[in-house]
Amino acid sequence: MAEIKRGQAKPAEEEEEEIITEDNVFEHYDEPQGFFPNQVMADLTVSFALLVITIILAYAVPADLVEPMDISTTDYVPRPEWFFFFLDQWLIYFPGAALVAFGDIAMPIIFAIVLFAIPWLDREPAYSPARRPYMVVLGFLVITAIVLNLFLSMVRILNFPGGSPAG
Amino acid sequence: MPEELQKDPLTRGQFLYMGAVGTMMGLALTVPPAFFIMDPALKATIFNRSDIPHVWREIGSIFEVPSGEATAFRVTFPQKQTYDSGGPNSRVGSLTETALASWHDGKIPDLVKKRSEGATFSKSEVRTLEKNINVMSNACTHMGCPVRWDSVHHQIVCPCHGGIYTINGMHVGGPPPHGLWRYVFRIREDGIIEVRHKWVQGTPWIV
Amino acid sequence: MTRIRDRMAERGRDVADWLEERTRLVSFMEKQLYEPTPRRGMWLYTLGSATLFLITIQFLTGILLLFYYVPTTKDAWNSIYYIMHHVYFGQLIRGMHFWGANLLLIVIGLHMIRTFLSGSYKPPREMNWVVGVALIILVSLLAFTGYALRWDQEGFYAWEVGMKIASYTPLIGAWAVSLLLGGDTVGPATLSRLFVFHVWLMPAILAPLIGVHLILLRLHGEFGAAFEYSERLAKLNKRKQYERMEEYFASDEEEEESSRGE
Amino acid sequence: MPIGNLHVPGIGKNTLIPMLVVPHTLIATFIIGIAMIGAVSEFAGMVTKRPNYDKFARGAAKFQLLLFATGSWLAFTFFFALITLFPTFWSYLFNIFWWVFLAEAFMFIGEVLAAYAWYYTWDKLAYRKTVHVTIGMVSALFGLAQMIFINVVASYMMSPSNGPATSVGWTFLNPTYLPLNMHRFVGNLSYAGFLIAGWAAWRYLRSTTEENREYYDWLGHWGIMWGFGFLLLQPMIGYEYMTEIRSHEVQAFRYLMMGNKAFLFNALTIELFIMSVTSALYFLHKIKFAVKPMPRLRRWAMGTTGVLAILGVLNMIPADLYIVPQIGMVFGPKDSPQDIAIDKTPPILMGAMYPWKYIGLFGLMLIGAVVLGLYLKASAGGFLWGRVNRWSQYGLILTAVTVTLTMMTMGYARETARRGGPENWLIRGCITFQQHVVSKNCPAGSRQAP
């Protein structure tokens, strides 16, 4: 069993001037840092902040519990969760039997497949966003489309008579 | 920890043996569970057996249906599903739904206007009444949200995505693919509407 | 005092050696903890571990909620009501589970956008991106089913819309819905299937996938973003420029020699 | 009522306001569009180091300043006309939108400073191009912000939100605010793009030197890229805008889509047809001059243009002859009903919205994207500028004229949406044309269920 040496680690010998070639440029970072003290510290603070937010929200805004499920209601206005608002708005663009199937199942599946295939769609060697305008612009367009749909559906829901406080 | 890998050759016999035993084990472990999970799907789609037995349930009398409006009647059906299907020490479940009833184009036929509450109708009168009344489910055909009568614009409105139907349940606007689901119903002599958990256009699922 | 401390340190070292001998745990931990990671974008890279932290909270609070939750149609709502009003810290645990899920979706979205913008899905890290996308789909399905477990109007109708969407799929529409419904109408079977999906099926798929995600990360090391390598890239470009210049001058000299040669 | 209830002789006050507003809107939309296109093309010039972009950006900045003065003059006179001719309506509107108009004023100052700074520091900041480009971007953003704030007023008048009129937040949250913003943003860019293309075509036909011909040919190409590109987004956003109107203002929807004003959307489809087909033909013609000859691509482009034309025609089929202004009088039913019966399929089957108009509109978008893609593929290899024939330039001028007409048709459609019901509204559900305030805390109080 190799004898475990204790005490001071061997000083790192002077690295001879390394020739940076095309493929080993991304081997080392410019400013590496140990994972344990530094990154873990940052992770801890972010996680702690998230924990505090959840606890505050848990007490400030208790998770709601509306009246029990009852199909035979005539005055309840069902709403999707906030993260499906954009899909709800997407539903409105595709009325009618054929279009609902297309807009509701085909499009999300295509979106998922494209999402899975991004590494094979984006073959540009450059990493920084400035060097790959197509992918970044496409990504930005998709994100704005989703966010805009989210707001559109939120405004529509807020302005439904039953939906808003003063309506 | 063995020092290096040892790759013995694989004979035909061993390969066939492993293949056969493997497939048998695979089948035994996948086919029954598949049927186990798909049981309700098989019963519902292939054998067309519904969770709700074929019973007629009263929803209300035709005199309660006003003119120019669609009113909601609650109806409760017995439901036999998993632990609610009346085993030795369990009860039969129930499913409450709403049926919207409205006269055709909102006009009460004069047959009903003349008769008072308790009067009885003849066979032919019942047939004409059945032609003139719409008994529809309140689930929107687009996404199943509960539709409601909008007295301002005299139409049936679905609050979720803005589906619009006329008083007869015909689809007018918005994303729904077709008009409201129409119950299979019959009218008794004394004017009581009875409904079965079956629809004219097929199975709407969910409702 | 120092003598006790030394003896304690001595005993600690013995335990460490004993453990190292049998499980090589200490060297494994060292390899994990002291691996070099990029410094410039440190705060960007916390998104990944924040998602991990939130998922562990979801697992923890989820299991705690299971102590009181009852998946029958008659009592699901009552059990939630009981948790919220009678159990000590019930509102906290359920609140953490609910708001944790919302925060998790936001953080996982940000994490995906960060990975997309920094281009860290480029070879050899494609598989990690694919596993990541599978994770985000699983998490949103989990959130979707969890919402309906309460069996109150809000949660139920959201789930019903989801099932109605499934019923529109061309070929297997009827099959998919009756599978999710457990029959042709909504009833106790629907809630138990919902319960199975949310409490066991999806987490059982999620947990190993997270493990795979982390292993793949460790395999190729954290890529960080392009601004981590700006100096090295600058050196590389400078060196290439010199090479091109030398080529250019070298070709001139040959011409002179060849012209002088004739 | 203040002193005298002024009467505008001759044309009357209800026509004076549009006479001032329509030119103002046309100029203002063009300014916002050209500011954005100019800023982006200056940035493109900085990145690609090609002189054309910078030359155009400079011309755009100068043109923007010239127009700016006339545009704002119209706005002020229109302001004063409203104050004097519609006192109660104006005081009511101003009370609701006090903060919005205040923000609007500051955006105006920002716009003025940035636009003038952008033009006059062109040479001084020539070596600090990034600073100069940011000034251009800032002036474009200020222009955009002006539009965003004025949209609140326009969309609120048509569809007031459910919340109390006093809370500023709710005035922004009225249902048609966001779609109006998206529709106008894309509309500005497409409108300005087509106008630039039209102006470049005019200058191309009049240019004498070879160098001028090449520059204006390139400018026509650059303008129509913006115009046609953003025109493709419009059907989707327009459809969303109309869905919002239908779900919140059923009366306005019936009046616009199925009632007396339905012809507006027939006019729109005709204009859409003209613009898309002429642009496609222009692309078809331009592909001939690509540096790398691509015969197969040109056949593909011909095919897609044909499909585009068919879809355009499909769009133009009216649902009911009654709504086509002149022809309706002759062929349509004599007792023209107030609106096409709701639950009856319209007489002309191919005119029905579902599924025909969907196929037409969204087909136009997709096939248009294909045509644009083919054209971009050809333009990637570079063009031989300056050799295009006269007809393609006439086509560009035609698109410029049609886009102005579309702007007016659509502006008119939005403003007349408030009429048509039993009551003509200035603010729907609150103030009628005769400036009679319906209920005390309107418009929130008077909103009924949809």
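We call the chains A, B, C and D, going by the order they appear; numbering starts again at 1 in every chain.
The criterion applied here is as follows: contacts are C-beta pairs under 8 Å (C-beta built on N, C-alpha and C of every residue); 3 or more make two chains touch, one makes a residue touch a chain.
The structure displayed is predicted, hence computed values, not measured ones.
Distances from each chain's CA mean to the overall CA mean are smallest for chain A.
Centre-to-centre separation between subunit A and subunit C, using Cα means, comes to 10 Å. Per-chain CA centroids place subunit A at a distance of 38 Å from subunit B. Chain centres here are Cα averages; for subunit B and subunit C they lie 40 Å apart. Each of the following residues of subunit D touches two or more other chains: 243, 247, 448-450. Residue numbers of subunit B whose C-beta contacts span two or more other chains: 95, 142-143, 145, 160, 162, 174, 207. For subunit A, residues that reach two or more other chains under the stated contact definition are 70-71, 73, 76, 78, 88, 92, 95-97, 100, 160.
Chains touching one another, given as pairs, are A-B, A-C, A-D, B-C, B-D. Residues 70-78, 88, 91-92, 94-97, 100, 160, 162 of subunit A touch subunit B in their complex.
Subunit B contributes residues 72, 74-75, 95-98, 138-139, 142-143, 145-146, 148, 159-162, 174-178, 207 to its touches with subunit A in the complex. Looking at the complex, you find that subunit C touches subunit A at residues 17, 20-21, 32-40, 42-43, 45-47, 49-50, 53-54, 57, 73, 77, 80-81, 84, 91-92, 94-100, 102-103, 105, 107, 113, 116-123, 125-126, 129-130, 133, 137, 140, 143-144, 147, 150-158, 160-161, 165, 168-170, 186, 223-233, 235-236, 239. Only residues 1, 4, 19-22, 25-26, 28-36, 38-40, 42-43, 45-47, 50-51, 53-55, 57-59, 61-71, 73, 76, 78-84, 88, 97, 100-101, 104-105, 112, 115-116, 118-120, 122, 125-129, 131-132, 135-136, 139, 143 of subunit A touch subunit C when the two sit together in their complex. Looking at the complex, you find that subunit B touches subunit C at residues 37-38, 40-41, 43-45, 50-52, 79, 81-84, 93, 95, 142-145, 160, 197, 203, 205-207.
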